[in-house]
């Protein structure tokens, strides 16, 4: 049977990334409280393609992903990348895995238990057989209460749900739970799925006592991250779903531009 | 050339609706302040199909839509429906048009001008050549401040952006602007795109002085709508993007189930 | 502490549905091949509210959901509904659970294994302590190849990814896997995550040999469902992401309007 | 009234970008066929913030946007950026405007007219009062037919809707229409909103005669763009909504990494 993909290409255009995306797959992630957590990922996988090949072999991405069984264990990411390089005869390999992540929390006063959802991601690049660049991303929802609104108003202060995305590169493993704590401690208040009346009084007053602009939120995160010796790079983006506007406020801080190798 | 669509079908299954959806198109809508407003719609069009025909002729939906020029004028909806019935040899014809809609507003204190966006929709059904059922839908974003949080807390009260969708059938034309006023008057405060400090103080205090649950919001809308003699039917759905949770609160009130004819 | 929700309301507006939505939660679903499957759901829960109460107690929805542990087992849906009625002092209770669902499939020729994703939903209503209305929904992606394009063209035929949503009420339990089989057998070809060259030849020719309009797709499903004695009601909606247009074609067949009680 | 934003900040964290996003606004764009086109944009605006200021003044973004009237004319983008720098006392200013864009097309055989939608974007950065970096982005939907499927199959070939996003920096103005032509000429066939039977035969056979992998699509675009003397930089990303899988194939080519100044 003809192998169109392996035919010669004469246009002289190297492809930076070619692969699959939007692939939903069950995965198992390491979890600080329960050792492992079952969840569902959306996955992208890609390699580079030299200018002289017509196409890549897309089915091999799926084969590499499935090699370790029906459920992907994220500890296998380095192996997956190295197998991609080998099976697809590529120099560069890339994987991006996004998934909801759940933590059980106790309400601040009544200690009622509830499960709260976050979004996490693993983004990894292999440039050769040894060097893997790994980025952990975590998005946490929080409460933000406006310092200006509080300062100028006789009563009340507008507040809203906000979202904090933190991307990190580190010298040692960092838990998703650690990043979540940084995000939640940097906001006016953290969120809960279950709050009884005593808890609602607490979170209302706690947010009122800790107003933050979206600028304060990203700075509070940055201050915490730069104290952490394991941290090599971070990028923090916060967004407030303003309760007084129909648009959002946002802010971004990056530790320093990452000296990324050109993805070939 | 073969006409597959017109072939006989023997499965004995009448099709309730068949057509096109996800069609983006420029439209012109009537506007209370500027006479007309240019915007961009997402359109669905459908007809029924008797059990003995294999298929409908999809290109005719687009021909009917284009008949009146490059831009669709919404006053032509009844004509469009009747042409669909005729051109597609159908008894039942249906169109749904959704679009962003803009209103210029003045800030409450400084009177600074800004443009605020809403979403509106026209949903129309023709069951025969005379009877057209027309539903106007408007989604407005608003502020909601929690009455419970205010009552039990020593200071502050959680508030958030909420969304109110109002669907109406009426005996006389109702303006999109009228429905928006009903939604905004029923919430803790309306939204603005531009607020200077004096305005922000006003909206903060106004929301604090007018707390509403999501239940209050739909009831306030219902009370206003049932006083309006033009109103034949309404359905109100409100959703709060809770600032203390990562899930939303919602409520629905319908005036009474609409005696809809089966769409054949 | 004040209980605002329990205060009297004098507006005289009964609320049809009030509750929470957009709640992400880990769940366990029954799975034909592996007995159970871990996945992640988006959940809505609601009750009715008599006209004389100001508000419902939103935290109780979460308490009911959490009662059976950190992960929701879908077998508990009837219990969850009855507890909602009791704890929230409501006549009507409603839950909607949507989640991705995975099946391992073998490629048609090489028998290579891969995991394919679907979307499923459980929608349940309790009107009193005995009668629970349960709707199973399954969305499957498929290939559709256009019969008209094939008939009129000298070579080739346009085809595309399509989506089939099937909602059913049945007298006995139906497996998600059974509904998926009906959807896939009704299309031009089913989808796979992993196809080697021999498989790709097979699915290309199989689709070419089995052209279906979006109308054929919903009818093929309807014909299969009405032969199933367990089936009490169904609604089928198919949508083709047309490869020759930037809009979609769709069709809907409903067995007969369901005699739904007013959601009281 | 207190000006919280202007207070001193001692955390020592410069903010790379702070501003508003998700702002919907009516705009007018230059159009090759009709001189100007009314459409609806989603806008983000941001500036940098030195480490010693607590916050930026969000309302000023909206004031700058509104300065030129109720509808934004995109020719004013350089002025808008320079005003942002001035009013917000910033060194760096950024704006991103995304909008649907419409072109009237004639069907290839019957010459029937229809309107087709694209998505376009303007992304601009001002680093000082003179240097404005401007990126034009255009996303076009197209047909792609698989060369491998065609080569190995006895009849037919799988095809699907694909999407091509082209980002460019150029030394002279480039029309949105020019970029669309490049994208459409690089695919198996272009899309139309209205196709009669004779047209459908043409597009089916034309796609079958011009198979392209997603790799071919980005390379065909790159070959065309690098011949254009006005072009200083480009990035092309194509995505195929595979008709035989439930995931997508994608490819990316960038002319060369852009020597972006750190956004300060």
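Chains here go by letter, A, B, C and D, matching the order in which they are written, and residues are numbered from 1 within each.
The definition used in the following text is that a contact is a pair of C-beta atoms (placed from the backbone, for glycine too) under 8 Å apart; a residue touches a chain by one contact, two chains touch by 3 or more.
Note that the structure is predicted; figures quoted are calculated from it, not measured.
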item: Intersection of the contact lists for subunit A and subunit D; value: B, C
item: Self-contact between copies subunit C and subunit D, residue sets same or different by half; value: same
item: Maximum centroid distance from subunit D, chain identifier (CA atoms); value: C
item: Intercentroid distance (Cα basis), subunit C paired with subunit B, Å; value: 25
item: Geometric centre distance via CA averages, subunit D-subunit C, whole Å; value: 35
item: CA centroid of subunit B to CA centroid of subunit D, Å; value: 29
item: Sequence positions of subunit C contacting 2 or more other chains; value: 1, 23-24, 117, 148, 152, 193, 195, 197, 201, 245-247
item: Residues of subunit D defined as touching subunit A within the complex; value: 1-2, 4-5, 9, 11, 13-24, 44, 46, 49, 54-56, 58, 147-148, 151-152, 213-216, 218-220, 222-223, 239, 245-254, 257, 262
item: Complex interface listing, subunit B residues touching subunit A; value: 116-117, 141, 143, 145, 148-150, 152-161, 189, 191-193, 195, 197, 200-201, 203-205, 207-209, 241-247
item: Subunit B contact footprint on subunit D (complex, rising order); value: 1, 3, 23-26, 37-40, 59, 62-63, 66, 70, 100, 102, 104, 112-115, 117, 193-198, 201
